Structures are given as C-alpha cells and as structure tokens.
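The same chain A turns up in both complexes below, where it pairs with chain B and then with chain C.
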Partner chain A sequence: MALFQRIEAAVDAGIGRRRLGYALLALIIVYFLWFPNDTSQSNYAKTVFISGFFYAIMSSSWALLAGIAGQFSFGHMAFMGIGAYVAGLVARDGLAFLTAESISAVGAIFIGTLVAGLVGLVIGWLLLRLRSAYLALFTIAFSELFRIVMLTEYDYTGGSNGLSLRPLLQIADVDTARQVEYYLMFALLIVCLLALYWVSNSPIGLFLRAMREDEDAASALGVNVVRYKILVFVFTSMIVGLAGAIFYSDVGSERIIPEQLEILQMSLIIAYAVIGGMESLIGAAAGAFIARYLLEATRQVVITLPFGLTMADGSDAFVWEPGAWRYALFGLVMVLTLRFMRNGLLYPIITWFSGRGLVMKETVAKRESDEDHAGRLEVDNE
Partner chain B sequence: MSEINLELNSIVMRFGGNQAVDHVSFSVIKPQLIGMIGPNGAGKTTLTNVMSGMLKPTNGTIYLNGRRIDGHPPYDVVRAGLGRTFQITRALGRMTVMENMMVPGLAIRPRARRADIEARAHEILDLLTIDHLTNELSRALSGGQRKLLELGRLLMLDPAVIILDEPFAGVHPRLQETIYSYIHRVHEDGKAIILISHNMGAVFELSQRLIVLNNGALIADGEPQAVKSDPAVIEAYLGEDED
Partner chain C sequence: MIDAFLAWLLLAGPLWAVIGLWALPQVVGKRKNDDEPTLSKLQVAGVVSGFALGPLGLGLYYLRPRWITRVTLTIGLFLAVFLSSQALVRVGDPNLPSGAWLILAGPLWSAIAAYFIPRRYREAEADDQNVLTAAALGGFAIGPLIFGLMWKNTPKISRDWMIVLGSLGAWQIYTIFALHNAENLCVTAPYHITYLAQQTANGVVIGCIYSLMAVGLTLIYSVQGIVSFAHGQLYMVGGYFSFYFLMHGSNLLSQLTGTEISINPLWGIPVAALIVFLMGALFERAFLKPMHDGLIERVSEYAILITFGFGFVVEYTTLAIAGPFPQRTDRFIEARRITLPRTQITDEFAFGPINIIGDRAFAMLVGIVLIFALLYFLQRTWTGRALRATSQDRQAAAVTGINPTNMNTLSFGMGSMLAAMSGAALIPIFAWVPWVGAEMVGRSYVIVVLGGLGSVPGALVGGIIVGIVEALGAGCHPDPSRGAAYKEAFALVIFALVLLLKPTGLFGREQH
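And now, the complex of A and B:
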C-alpha cells in the first residue's frame, strides 16, 4: 500500500494521472492496430477479437442507455437484430421501388440502421411513461416478440437457420479478409465510442444523467425529458443496428440467427457492462472485450504434467474443460461485483486515471477547513 | 425586472372522488411575496404541482404572461417563467453540486457559453454559502445544504415566479437565516415568490400577502393582518390560539 502511495505521488508530481491514462490508452490502441500483423496469431484469435469489438459496442452503448440515462432496457439485442435482419431482407427482397440488385451491402446496412432508429423512436415514445421494472418488463416483452416473429416467419427470415446478409467485403484470400474485417470492426468500435463519448460529455449527457437521478426533478429544472428519452433510444438503437448489420454482413459472422436475440444473450451484454462499469462507457467496452476473450480462452485448459507424470491414457497433459462452468463462474463474478463493487471492476482504475479522486480530496479538505460548515453539519445531523 | 402576470382561473383537481383543489382562482401581477398556508391536506402541494405542470388540472386554466400553461409539461412551465422547489428536496444525488447547477443553466440557455453559465453558478453558490462544495456529490450534502442547492438551481432558471414548498422544514436556524436572505434578495430582484410553509412565524414575517387554503378551496386572500383576523381562517387553520 505504501508503495502504491509512493507511485501515486510520483505520478501526480510528474506526468499526471490523466496524461498517464491517455498514454496507456494510446498504447492499447497501438497494440490493437498491431495485433493482426502478428504472424503468430491465428485467424481464430482475430475472430475472437472481432467478436470482442462487436460486444464492446453493444455494452458501451447499453451503458449510455442504462448506466447514464437510467433506461434499464432489455431490448438492446433486439435493436441490433432489427438492423441485421432488415439489412438482410432488403438486400434479398428489395424495398418498395428499389430492386434487390440495386441495393448494395452498404445501402442495406444504411437502411437497417435507419429502421433500427425508427423502431427505437416508436419504442422510446411508448416507454415515456414507464420506469424501472415496468420499462425492463416492456423491453423484455418487445425483445421476445421480435425474436419469436423472426423464428416463426421462416419463409422470410430463415427461421432458426438464420438469415444471410449481403457480404460487405468480398475478399478471396482468407487471411487478408480476416485482417480487413478486424480493422473494420475495430474502426467501428472507435467511431461508436467517440460518438457515445461526444453525447455523454455534451449537455445532453448531463441531462440524461439528471433524468436518471430524478426524472421529475430534471423536468422541473427545464429538461425536456420527452425529447431526451426518445433521443437516447433512437441514438443507441441506431448504433447497435449499425453494428449488427455490419457484424452479420459476413464481417464477424455469416448469418444472424434468432438465438442471438435470446434473453441470455441480452443478459450477457448487461453482465459485461456491469462487470466493466455501467456508468463508464470505456469501462463497459473494456469489460465486454475482456469477458469475451476470457470466455473463449477458458473453453479448454490444458495443464502439462510435471516430473514425467502421465495420465492413465499415457498422455502427459491434464485437460480441463471448464466450458460448461465458465458461464457459472462468470455469473459468480457478476454477483460479487454487484455486491462489493457496484460501479464495476474497472471503475476504480478509470476513476484513478481521471483524477476525479483528487478533486474529491480537495473538496473534503476544503470542507474540513470550513468550521462553519462542520458546525452546521453537526446540528443537521442531530 | 421581468414581466409578471400569473392568473389561475377556477382550478379544480380531482383524484377519483377526492377533490384536492376546489375552484381556486387568484392572480399575481407584481413581484409580491405571497405566503400560502393551510392545514395538512388543504391542497397546497397539489396546487403547486398543478401550477408547475406536474399535474394536469381536471378543470380551470392558468396563464403566465399571457401564455396558457395548464397541462403543459414542467419543463415548458419553467421556460415560461414559473419555477419551484420540492417539499422533500430532490437533489440529483450522484451528480456534483456544480452539475446540479449546470442542468438548469444549460437547459434554459442552450446557446450560452458553458464558462458563462459556470461563472453564474459560482456566483449563486457563493451567495448561498455553499461554493466550497462545488465538486461534492450532492448526495453527500446535509439536508439543509440540499435545500440551499435547490434554491440555487432555481436561480439558475431565473423564473419570474418562484414557488418555495416548505423551504424551512427540517432546517437548522443558521441555515434558515441564509434562506431568509435568499428570499429577500430574490424578491428585490423583482420576482414574485409564493412561499408555502407551516412555519407561521416566517410566513407572517416575510409575506406581503397571504393566501389560505382549506379542504382544497381558497378561503382567504389578502394582507396578512387582515387574513389573521378572518374568522374563517381562525376556524380552519389557526384555531383558537391566534398568536
């Protein structure tokens, strides 16, 4: 602890926490940019990363919706699905006066994103009078409704076999294709995070947090709660609609299946955000990426036996397959996080780098030096 | 000095069979300090909720500076120039004191420079003696400080008419003094204040005009001394002990 405090003091006196944080962030970005060029990495590892980026977009956008705006929605995966399904359907069947052939993959993704936003508008409007548990129940119902329709209307949607979208990238060489897909998804994550941060740091972000704290009080303070509630639904729906349409356009996955829209999948998005830090966009994104990576990495654990020990079958390796247990372990982490670190496992780290703790310390010092205030507090507390 | 013309015409608010506000009419046409009193359940808070847009009246109209505001959402009423505090303070707990101040500042003046709004917030916090708590989360404030923060947020809105719902409830005498000076200062700035309080001493000391509600109906409206001796008021509210 003493060592940590010395390091802390050195950082504060030297580069400063915030700058150190930015430097680390830059290093992480450089690592991600370099990663696909590492010849020792398999295409499988790149696929895991691509999936990690996708889920990072899902979790961070959900963090804006639920953690910052307080709209605890279970409909996030459904909006993602709307983006993907609509992109797939318009590219296959056309749309009104547009023939299927005239709609490019990019056009289909655009239409999918737009429709996700429009549905977000309607759902946001329907949810205006609903709060907390009712909002959650409504969005669960909406999400299930959408999944069941996609499953049942198999003539159009392919049912449980899923729906193929028009491939966005058509690159014959598998290695090159994986590399381009990797960069595309990473770029999308960066763009989405920048957009989310822009909203969160703008006056809109302030109003959303005010609404989360107390919707009536925010309204009495002049915040147009109707506008911002709808806006946050439209904005996050469009982000996940876009991410879904791109990811399933053969970038991260070949087809969208209704199984992806199940409540379990939505719960995972929530779990990633909770573990990373629901009120921090970067925390939720990092939480999702790390969790996806660990969930993949723990599929099979091989421990080589030392001292020439062998198993009954003669092999020198003990193979443990925690695959069946990994979600249970993951659940345990979530339970412990909620009980002991409600702001997420990464939140203390992010707070430390932001320097917010320093400001709080100064405030406390000021308060303690204010005897008048201390006197008032004593009387107030009596 | 901003224009003031608040007009309530026969406001009725019913919840099922319960008539909480019963044909209440009055108007405010100058920067008066008005006390609104009445026993518990008289309809003061309901009327405040109706005036501030939190409730849509069953019947009746409200005009503020020529604009009809009844049934409009609270943010619209605030923008029209009527602001309020809550009986139980509603600080935005997990936001800092400064963020609490910035919300109304930016909501009302979206095109203003952030630095200007921040400077104004500092001025107000200084006036309310809580400037040293700028970066503190508002949930860490004491009950009295939260009351001051609520008053500060109202000043950020700069409304022409202010309704203060029980500003002295649960407040330590020294903080009460700060609230007193706040009320005087705001009144001198040319704003009309409707003060709802069970603290009769404060109401009689501060008010230039008194409105009395009982069972949802307005039973008296006039100068405090005249209202104090009104038999209907004595019977309904003050009881036998006039002093």
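And now, the complex of A and C:
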C-alpha cells in the first residue's frame, strides 16, 4: 500500500491525476483507432470489438436512464429492436407514399430512430404514474409483448429467422468491410457517449439526479418532473434505436432476430452496467466492453502448464470449456458488486483519475466527525 | 335455439328474477340483522341472483349475502353477454357494427374519457378513486355517453360500476369477434358450449398452479415490500431439484433392493421445497438483510437488481449443470385423462364430455391442498399471524415481540419455497429447460398485479383468471398456431392495462 501511496503522491506532484487520466484516455482511443490496422488480428477479433462497441452504447445509455435518472426500465432492448425492425420493414415494404426503392439505408435508419423515439415518448408518458418495481414490471411486459409479436407475425417480420435490414455499407472485400464497419461503430460509440455526457453534465443531468433521489422534493423545488422524465425516455430510446438500426444494417450483424429481445439479453445489459458502474456513463460503457471481451475470450480457457508438467492425457495445457459457467460467474460478480461496490468495479479508478476522491474523502471525514459530535451530544443529554 | 332458451328460462333467467324480486325481501327481511340491507338493495339482489343462477343464486344470497351479489352480478352479465351475442351472430351483418363501434365507442373514446374525466373529478374535488378505470372502461363500452354519466354529477364510483361497464365492453368484443369469425369453434353452435367449457376447465386447472406460485411472490411483497425478480428461476430450479432427487433416489433404491423402483414425483415436492427454502433464506440473510439494516442507499433499486442478479446466477448455474436438454419426470398417476360426464340439457346445450389430463388434475389438487395449508398456516399458527402482523405494521409487530428480521427471512424463504413447489408439481407435465422460469415468472407478475400486490386472495383469484384468459385466448384465436404463440401475450395485455388503469389491482390495499 505504501508503494501505491508514493506513486499517488508523485502523480499529484507531477502532471496531476486529471491530466494523467486524459492522457490514458487518449492512449486508449489511439489504440482503438490503430487496432484494425494490426494485421496479426483476425476479422473475428474485429467482430468481437464491434459488438463490444454496440453493447457499450446500450449499457451506457441504460446507465443514463436507470443510474442517473432512476427509471428502472427493462425495455431498453425493445427500443433497440423497434429501431432495427422499423428500419428493416421500411426498407423492404416502403412507407405510405414512399416506395421501398426510394428509401436508402440511411433513410431507413433515420425513420427507425424516429419511430423508436416516438414509442419512447408514448411509453415515457404512460410510465409517469408508475415508480420503481411497477415501472420495471411494466417495461418487462412491454418488451415481452413486442418480442412475442415480432416472433409470431412471421409474414412480416420473418419470425424466428429474423429480418434482414438494407446493408448500410456495400463493400465487396471482407477485410476492408470489417475495417470500415469497425470505424463506423467506434465513431457511433464516441458520438453517443458525447451526447450522453452532454445531457448528464448539463442542468438537465442535475434535474434527473434530483428526480432520482426524491421525485416529490424535486417537483416541489421547481423541476418539471413530467418533462424531464419523458425527455430522458425519448433521448435514450432514440440513441438505442439508432444504434440498433445501424448495428443490424449488416454492420455488426446481418439480421435482427427476436431472441435478441429476450429478457435474458436485457439482463446482460444491466449486468454490464452494474459491473462497470451504473452512475458513470464511461464506467458502464467500459464495463460492457470489457465484460463482452472477457466473455468472448473465455469460451475456451487454455492454461499452458509451466515446468514441463503434463496433464493425465499427455498434453501440456489445461483446457477448460466453461460454457454456461462463465455466465454464472459473471452473475456472481454482478451480485457481489451490487452488494459491496455499489458504484461498480471501475468507479474507484475513475474517481481516482478525476481527483474527486480527494474532495470526497474530506467531506466524508467531516461528516463522520460531525456524527461523532452529535453522538457525544446525545450521550451528554442522557 | 328455442330449446336452449327454454332450459335457461326454467333454470334461471327472467322467471327466477321475478321470483327473486318478490321472495328475497320477504325471506331476508324477516332476519333481524344489524346490517340489514335496504328494500331496494334486496330487490336488486333478488333480480340479479335469480337471473344469473336461478334458485341456486337465491339460496346462496340467503346464506352469504355479502359476496354473492357481486359474483352473481358478474355471472349474470356475462350470461347476458353471451346469449345476446349469440342472437346477434344469427342475424347480424359482419361488416355493419365494427366500423360504427370504432367511431361510437372503442379504444379512441376510452382514451379520451380516461384523459378528461379524472381531470373533471379533480376540478370538482370529488372522490377520484377508481375514476380512471371507470372512465376508460366506460369510454370503451358506451363511447361519449360516459361523459353524460360522469361529467356533470361526478358520482362516486363503486365496484358495481366497473362490473357493469366491463361486461358491456366484453359484450362488444365478443359480438364483434363472433360476427367476424362465424365459423370459429368458440362461436358455432352446437359445439361452442362444450368447447368453451373445455377451455375454461383447462384454464382453471392450470390456474391453480399459477396461483400457488403467485402467492409466493405476493407473500414476499407483503412482508418486505419488494418484488422478487428471481422468482421464475427459483420455480425452475425447484423442478430440477425434484428431477434429480427422483432420478438418483430411484437409482439408489433400485440398487439397494435389486428391483426396478421409481419414486412417485409427489415426493419430489417436499425435497425441492426444503432445498429452495434454505436457498431463499440464505440469500435473504446475505443480501437483503443489509438493506433492511439501512446499510444500503436507494433500497428499491437495490432490491430489484439484487434479486434479478440472484436469478441470473441460479439460471446459468443450472444451465451449466443440467445442460439445455429438455427433461421430464414420470407421471403422477397412470390415468391419461379424467373425463367429466356428459351433461346433456338440450340438443344445443350440452356440457361435455370435458377431458382433463390426469396429471394436470393431480397437479391442481396438489396446488389446492398446498394453498389451503398455507392459508391455515397464515391464519391459525402463531408464526403465520406474526408474518401477517409484520406485513401490516412492522414497528407495531416489533413492539409486540415479533422479530421482523426473522420474519423477513421466513417470508423470502417461504415465497421461494412456494415457487419451487409449483415447479416440482409441474415438471411431470411440461418439458423442463433452464429458461422455463422466464415465461412463468411473467405470468406470476401478471397475477399478482391483477390481484393486487401483497394480497393473498388476489393472487388466488388472479391465477385462475389468468389461466382462463390464456386458455380461452389461445383456444379462440382464429389462427390456431398464432393463438398458441400469443398465449402469454393475452395475459400481458391485461397486465399492461391493469398497471396503467388500476395499479392497486382487484384486491390491493388502496394507496392514500
């Protein structure tokens, strides 16, 4: 611990934590930008990264909705599905006076995003009356209904085979295609994160936090609860609608299937956000990316034995295919994180770099001494 | 058709309504009770009970005046709904009414009424309890006429309003459905009565098990104030514990005795119950107790997430151990199906033969026995009373010497146990995979919200309603394959409507 404290002191005296944090962030972004040029990496690795970016968007927008605004929605995946399905249906069947041919892939994505936002508006308005557990239950019902309808109306949606969207990029060469898709998804992640940060750091973010802590008190202090509750629903559903429509336009996946809309998939998003830190957008995004990567990397665990040891069958490596166990362990990590590190596993790192830890320590120490003082007063009175 | 009407006229119907109108005030009026109903109320009760159930209704009213009126009112109205729709189907033009209905009544007017009428009540500072529900139902049933009823005088809304308006709405839905699907099995005479009775019987049978599971959820909510999002996974794991106990137990016994022995699945129920009770209680001690001790901020969020995470771990651990292959135990009983005898009234009104699959009937019996055992426990034993006391007033219960911490653990353990028992009761019937819980838990949320979160009778009634709605919805859908796929969806639609219109449900405690 002493070593860590010495490093801490050195950083504080040197470039400062905040600047070091920005430097590291820049380094990470540069790495991500360079990654597809690494010829030693397969296309499979790029695909994993692309889906990691997608889940990072899902998870960080859920963090805004649930962690910052306190609206515990289980319908996030459904809004994503609305964006993707509407984009697909519009590109195939046309829309009112527009023929299918006249709608480009970008136009379809735009319409999908818009419809996701509209549905978010309606659902947000309906949810005004409901709180905590009731809200969670209603959104579960909404998302299940949507999934069942998509699964059953196979004449329109393709049922369990899924629906193909109009491909956004038409590049014949597989390697180049992967590279472009990678940059597109990464850019989308950055744009979405910036937009989420903009909302969360603007006065709206403050209102949302106030609503989360106490809706009645916030309303009494002049926060227009109705407006901001609906606004946050519309905003996050448009973000995930956009992400879904782009991701399934043959960028990350070639078709949207109803299985993606199951509660199970939603629970993964929630788990990523919880592990990364529900109240920090970048934490949730990083949590999703890292968890996604680890879950993919541990499909087969190979531990090469040291010192020339061999297994019973003569091989020099211990091979374990964890299958569902990795999800079980992942769930365990989530539960323990919730119980013991409410702000997520990455939160301490983020606070350390932001320098907020210093301020917080002081306030906490002050509050604790106040409590001691109050406690002593009570004893005196007795 | 004449015969059918004749039978109904003799058994119930207007004749008995007139008798009830005259007889009930005479008979009940002689009983000198403190809470004696007024003459007009008795007359209404007589007409309604006589119309719906004939002599049976009048007798029941005499014995149990309090609850029989609503029951008979509901039954009578639904009977009227059914008969008048039948009459309409025979003469109606399929294209005429539905378009007119959409303009005159239906969802549009429902939304308009639900938006404006509660505002009007608030302006008039009238009692606005249930007004939203009544306005939505009324707009759906009678269109703009509801404004005439509710706008000027802002009357107090009782439950009878809802029953009447709800049945009117149901009448319209059924009529339009019948007009458009004249060939449907649920509509066409002479089979429709048998078919509907068969579907209803199926619904009631499976509904009893749904109730058992939902009671567990409601028990947890009433004591701790949280919804367990791990309930479906505990149901699933209960089935698996039963399965593994039966498999290994039978093998062990066969080896010991040298003969082929298979244990009846009934024995799996207590085993699963015990293990899952311990699981639930341990989880509560480890993860929910800190919440009640005030160690955790923002309790409601934490409760949702932690139970959800618990379910996640249970599900994937089971998947890792048991694999994704469907499993099933032996049957409870050898009989494939139980046939209720054919009751022929006339050529057109014939109930039966109604078939109930033997195992399902057995599972229903298990469910009913367990529910009664639970009710006995809650009503008659010290611990059960302590649980109820804690759910009513935590602090007052603590003052009288009940340990609320233990009651929390007990309630979560018992709630989980009830889920596991319904799982163990259903594994002989359904193919069991690690994700069966997800579907079932959606259903129990529907049930508890419909009945009112925290209300045990609500869970019982809600379970049966959901069972019937699913069976009828799936059975009457014009396209059978879609009907089966939409089975859950019917209940979910009710769920969404209840949450929006009346979050306290049928029996929930009103929020003040």
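As a convention for this text, the second predicted complex is superposed on the first by the 344 of 382 C-alpha atoms of A that agree within 3 Å, B and C clash if a C-alpha of one lies under 4 Å from a C-alpha of the other, contacts with A are read in each partner's own complex, and residues count from 1 in each chain.
To be clear about the criterion, contacts are C-beta pairs under 8 Å (C-beta built on N, C-alpha and C of every residue); 3 or more make two chains touch, one makes a residue touch a chain.
Model, not experiment: these values are computed from the prediction.
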Original post:
Can A:323 be said to touch chain B (first), chain C (second), both, or neither?
Top reply: second
Subject >> Of chain B and chain C, the chain that contacts the larger number of chain A residues >> reply: C
**OP:** Pick one for A:210: touches chain B only (first), chain C only (second), both, or neither.
**Re:** first
Original post:
Just chain B (first), just chain C (second), both, or neither: which does A:221 touch?
Top reply: first
Original post:
Where on chain A do the contacts with chain B and the contacts with chain C coincide?
Top reply: none
Original post:
In their shared complex, at which residues does chain A touch chain C?
Top reply: 66, 70, 72, 126, 129-134, 136-138, 140-142, 144-145, 148-149, 151-152, 212, 262-264, 267, 270-271, 274, 322-325, 327-328, 330-332, 334-335, 338-339, 342
Subject >> chain A partner contacts - residues on chain C that touch it in the complex >> reply: 226-227, 229, 286-287, 290, 296-298, 300-306, 308-310, 312-313, 315-317, 319-320, 435, 438, 442, 445-446, 449, 482, 485-486, 488-489, 492-493, 495-496, 499-500, 503
Original post:
Across the complex, what residues on chain B touch chain A?
Top reply: 52-54, 73-75, 78-79, 83-84, 86, 90-95, 99, 102-104, 106-108, 110, 129, 132-136, 142-145, 153, 157, 172, 174-175
Subject >> chain B-touching residues of chain A, taken from the complex the two chains share >> reply: 203, 206-207, 209-210, 213-214, 216-226, 359-360, 362-363, 366-367, 370, 372-373, 375-377, 379-381
